[in-house]
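Down below are the structures I want you to see.
Shared between the two complexes below is subunit A, which pairs with subunit B and subunit C, respectively.
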Partner chain A sequence: MTRSTLRLAAELLGPLAVVGLVALVAAHLSTSDQTDAINVLVIATIVIGLYVFIGNSGVISFGQISFAAVGAFAAGIYTTPVTTRQTTMPHLFGILARPVLTNVESILLAAGLGALFALLVGLALMRLSGLAAGIATFAVLEITYNILANWDKIGPGPTTLASVPVTTGVGQATVGCAAAVVIAFVYQRSRSSRLLRASRADALAARGIGVSIVRHRLGAFVLSGAICGLAGALYVHALGSINVTEVYLTLTFSTLAMLVVGGSQSLWGATLGGIVLGILSSFLTNAENGTTVFGLSFTLPNGLNSIIFAVLFVGALMLFPRGLTRNREFLAKWLGERPSRSGAALSGPEGPGGVVPAAAGHDGGPETAARSRATTAAEPKP
Partner chain B sequence: MTVVGYLVNAISLGALYALIAVSVGLVFGVLRQINLAQGEVITFGAYSLWLMRSLPTWLAIVLCFAVCIAASLLLQVAVFRPLRGASALTTLVATFGVSYGLEALWLIIFGPSGNTVSMLTSLNNTVVGGAVALRWITLVEIGAAVVLLGGLLLLLFRTSLGMRMRAVAEDLRAARLVGVRIGQVVTWAFVLSGASAAVVAVLATVQTPLVTPTFGLNLIIFALVGVVLGGLDHLGRATAGGFIVGFVNSLLGSILPEQELVFVTSLTFLFVVVVLVVRPAGLLAPRGADVERV
Partner chain C sequence: MSEGADDGHLLVCQEVTVAYAGLRALSAVSLTLDRAEIIGLIGPNGAGKTTLVNAMSGFAPITHGSIQLGGAEISKLSPERRAHRGLARTFQHGRLFGDLSARENVELGAIAVGCSAREARRRTHALLEEIGLLDLAASPASELSHGDQQRVSVARAVVAEPAVLLLDEPAAGLPAEGLGELASLVEHARSARGAGVVVIDHNVEFVLGLSDRVVVLDHGEVLTEGTPAHVRSHAGVAAAYFGTVGSVGTDGTDGTDEAGTRTVPVP
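== the complex of A and B ==
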């Protein structure tokens, strides 16, 4: 086997092995710990979904949790028995009140709706980069939350959608997460993804050789929407209930933190970040409700989870912006991949783009200088 | 009277948001970076007012200024300085993280149910009663905004510091070449930004005395919407944008029926998306100022 084949195999099998390991451990856990393990796998699926767009394009999105939310509510509503729907959500539109779907059907529907929603949003927003993209996708999250929380014709509104059949076990969560890994892997080997990554490294040069950045970004955005929608369905079927506040700022922030801490530009980073920080998060959440470790029982204050995540996240942005994996795929260093010189966690050297011209760093090294030169060239002063 | 009442209330909310927009815009002007954590400086100021509730009011307000300026400088040293040279986006996301962490910290320290600051309550008395009550605080807000924005204008256009700040905002590299001390200007921007956060903290706690962990965040998000709508790149337009968002929100709040009121947020953010797509330099920016897009 040549080195490049080995590298390819490692790129796929590394993340799959981690997912498999979690599944293997989960199979031997008690039921309550199993719920945590399933949750870790579902969260990791969302992080992989984020990676497909943010990692490949270098454009930030705070909006992907919207797609998970739509997927979760669609899957939840369509698997709830019709009579329950009539009593708990009497104002539902006719199209939402009727058919009852099976578990698998509802998951596919959620993925489809996630993709469709992402397509609609993406058609409008994919021209934006940098700050503008950040603010616009944040606006999408706010709109989705606001509508889901208040419109009782499309869902439970501010109340919790309870009594959704609990059908996602360790097996299904593992299959879902592994599917996300495989999809992300196949995508990142594709021509479209390579062109998108080229635009991440240098938007001007990519455009110069005829890359349609908007089209490739849109592709990644829709694929990411599908994975997030699927993860949303797994989420609701693992818990058996959902409230709109669960798929809002906290989930957005924690999954983004996982991606950045893991390494936002590699599948290995996304998977590892999702799983490792997912385990940390579920441990901390349990500790906030009181837990026992090695016979020592204690309760952490409610909110410590968020503080630790914030510290990890901001610390990662400052100290190791390429994440735990240094943005490398699994074993890539030992299998002879040339180290990548690009590094920032979120935006590519294209710089902030969008609304704002590049920040001239206070002690801008040669890279910053080159970058701001490129940006100045791109943005004629009015 | 009703119409005048609506308008005055709308102007006062607009004035409050304009002040927040200034405190975001000052830092953005010199660093080209958005400080989302500015909302937490406001929250911190508001909590400090609660902590100092037994002190004389004037002393509490002075200390609130000290606290906000110190918090603002701390943010500069702990977050912005390590991230210098990073893209504006990285800082946006990092300050989002800081804001998220601090909110959890407020939650642990002060609890979720909120603390009531009963300071200057007499300002909540009505000037004119009737269908739409007009309260003293409304007039104070408008007065404070006019005085402070006027003062800021004088500072920016009539002092040496102001000139240096404008120079840095225009072109950091060139400003350094002609001998402007960037570090000093940046520090002053954070000091002024902290001071305007303190003004907002005082005014906002008088108006809504219940301080919760999301006190500042709720303010900053809408002010930021205004800043984006007006045009990030220009302090005057950003401030005007903040004012417009506050004004329109207040008017919509008094005009729309209860059931539709909840969707004002969606409309506001939809408007933001449309502006970013159609006029990314901001609605108030002159034509042709639109920045490069992909």
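== the complex of A and C ==
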């Protein structure tokens, strides 16, 4: 077996082994602790979804939880009994009020809707980078939240969607997370991912050799949307209920923190960050309600979980932007792969004003003109 | 699209004008490039050489005129679409993907224009062997010497087997022995695929030695064009460079020393 084959095997099997380990441990836990383990696996799936876009493109997005939210509500609504829907959500559109899907069908639907939503959003936003991308995707999160929270024709509005069948056990959460790992692995070996990563390193040079940055970003964005949608379905089927506030700011920032702390530019980093910080989050959440460790009972102040995650997020960005894994894949240090040097995902390539440099001429749009006015030096700026 | 146009010209720039905020960087510049022809583009700093290359490659929008590649209008196309049509370029300072190895950098040049991974590997191996960089193929691009980065940058453009190759200061920082390898790489692109090449460099002697034809730009306009011998003897060229009568290239440079002082090599 050659060194590169070993490296490839490690790149896939390392994250899968961690997921399998969590599943193995979870199988021997009490029911309540199993719930925590399932939650860890589902959150890790979301983090892997974030990695597919943010890690490969170097563009920050606060909007991926929107795709998880759409997936969660779609899967939840379509698996809730019709009579319950008529009682708790009497104003639903007909297309949402009647059909009943099986668990697997609802998960596939959630993944498809996540991808579709990401496609629609991405068509408009994928020319943006840096600050502009951050603001625009945050706006997507806000819009999604407000629509879900206020439009009772597509969901329960501000109330909680209850009576969702609890079907996400350890097995299904493990399969879902492992599927996300495999999808992310296959994608990052693809031609599209290689070109997207080149654009992450130098957008201008990438365009110069023929890389259509917007197209490759859109592909990653849609794939990320599908994974997040799938994770949303697992999430709602794990909890048995969902409120729109559960798929909003806290989940957005905690999953981003997991990605950055783990190492945003490697699948190993995303998986490890999701699992390790997911376990930490579960522990802190339980401790806020009172817990016992080694016979010692204690209760942590409410909100400490969020504060610790915020500190970890900022600390990682400032002190170790390449994360715990230094953006390396599993065992890469020993198998000869170099880590990415370009730091955290939040420092990706940007065009002026956070816009991918537009094409010359008519297909460049107004930003081309703005760019041309701004660019007076001989060499084009990235 | 790599075939020549009906009129025989591979690339045609017709009265190309580029203006930034009212300032004309290029004024109605016309230029033709044939298959397997190497054109040197020289001129003093600020003459518009890189702007013309940017206009050809789509990085500088033109405000007037047209650019045709193989008879097809391309001035409205994005840089990446021009690359897919057979127009490759290098940038000043290389602009390699620093995280990637030299081999990966070159491979991406082929993959980006639709080459299969296997074919990209084959071409890359051949090119790196030709320029003597096979030993450094696995090295991160950011750890290569400046000269090696320049050569990898040219190889990344050549590997796409373009119809037109635009080289922006490829010899910058190269030692004398590296110039020969660079020249052979450019010759390879010309002879193997019949590529037309436009080369800009401050090393005027290198440009004159490599080119079939030389176009001299000054203040965004074509001052003169012709054979290297014609340009060497053109009094206006020296005047454009140095502000006085003389000739260029006898010291192998454009006459600007490290301190920016212009010396006048009198014939």
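Here is the rule we go by: the second predicted complex is superposed on the first by the 343 of 382 C-alpha atoms of A that agree within 3 Å, B and C clash if a C-alpha of one lies under 4 Å from a C-alpha of the other, contacts with A are read in each partner's own complex, and residues count from 1 in each chain.
In the analysis below, a contact is a pair of C-beta atoms (placed from the backbone, for glycine too) under 8 Å apart; a residue touches a chain by one contact, two chains touch by 3 or more.
Keep in mind the model is a prediction, meaning the values are calculated, not measured.
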Point to revise | Partner chain in contact with A:Ala257 - subunit B first, subunit C second, else both or neither | key: first
**Study point:** Partner chain in contact with A:Tyr248 - subunit B first, subunit C second, else both or neither
**Key:** neither
Review point. Is A:Phe185 contacted by the first partner subunit B, the second partner subunit C, both or neither?
Key: neither
Practice item. Could you look at A:Phe73 and tell me whether it touches subunit B, subunit C, both or neither (first, second, both, neither)? Key: neither
Check your understanding: Just subunit B (first), just subunit C (second), both, or neither: which does A:Gly134 touch?
Key -> first
Check your understanding: Does subunit B (first) or subunit C (second) touch A:Pro301, or do both, or does neither?
Key -> first
Point to revise | More subunit A residues in contact [subunit B versus subunit C] | key: B
Practice item. Using the touch definition from the top, say if A:Gly210 reaches subunit B (first), subunit C (second), both or neither. Key: second
Practice item. Please work out whether A:Arg194 is in contact with subunit B alone, subunit C alone, both, or neither, and reply first, second, both or neither. Key: second
Exercise for review: Across the two complexes, find the residues of subunit A that touch subunit B and also touch subunit C.
Suggested key: 207, 213, 357-364, 368, 378-379
**Study point:** subunit C contact footprint on subunit A (complex, rising order)
**Key:** 191, 194-195, 197-198, 201-202, 204-213, 338, 340-342, 357-364, 368-369, 372-373, 375-376, 378-380
Exercise for review: Within their complex, state which residues of subunit B touch subunit A.
Suggested key: 31-34, 79, 82-90, 92-94, 96-98, 100-105, 107-108, 172-173, 182-183, 221, 224-225, 228, 232-233, 262-263, 265-266, 269-270, 272-273, 276-277, 280-282, 286, 288-289, 291-294
Revision key, fill the gap. Within their complex, subunit C touches subunit A through residues 20-21, 23, 25, 46, 49-51, 54-55, 57-62, 75-81, 83-84, 88-92, 95-101, 108-109, 111-113, 117, 140, 142, 156-157, 160, 168
Study note, to complete from the structure: In the complex, the residues of subunit A that touch subunit B are 60, 124-136, 139-140, 142-143, 146-147, 149-151, 199, 203, 207, 213-214, 217, 249, 253, 256-257, 260, 301-307, 309-311, 313-314, 317-318, 321, 344-347, 351-365, 368, 378-379, 382
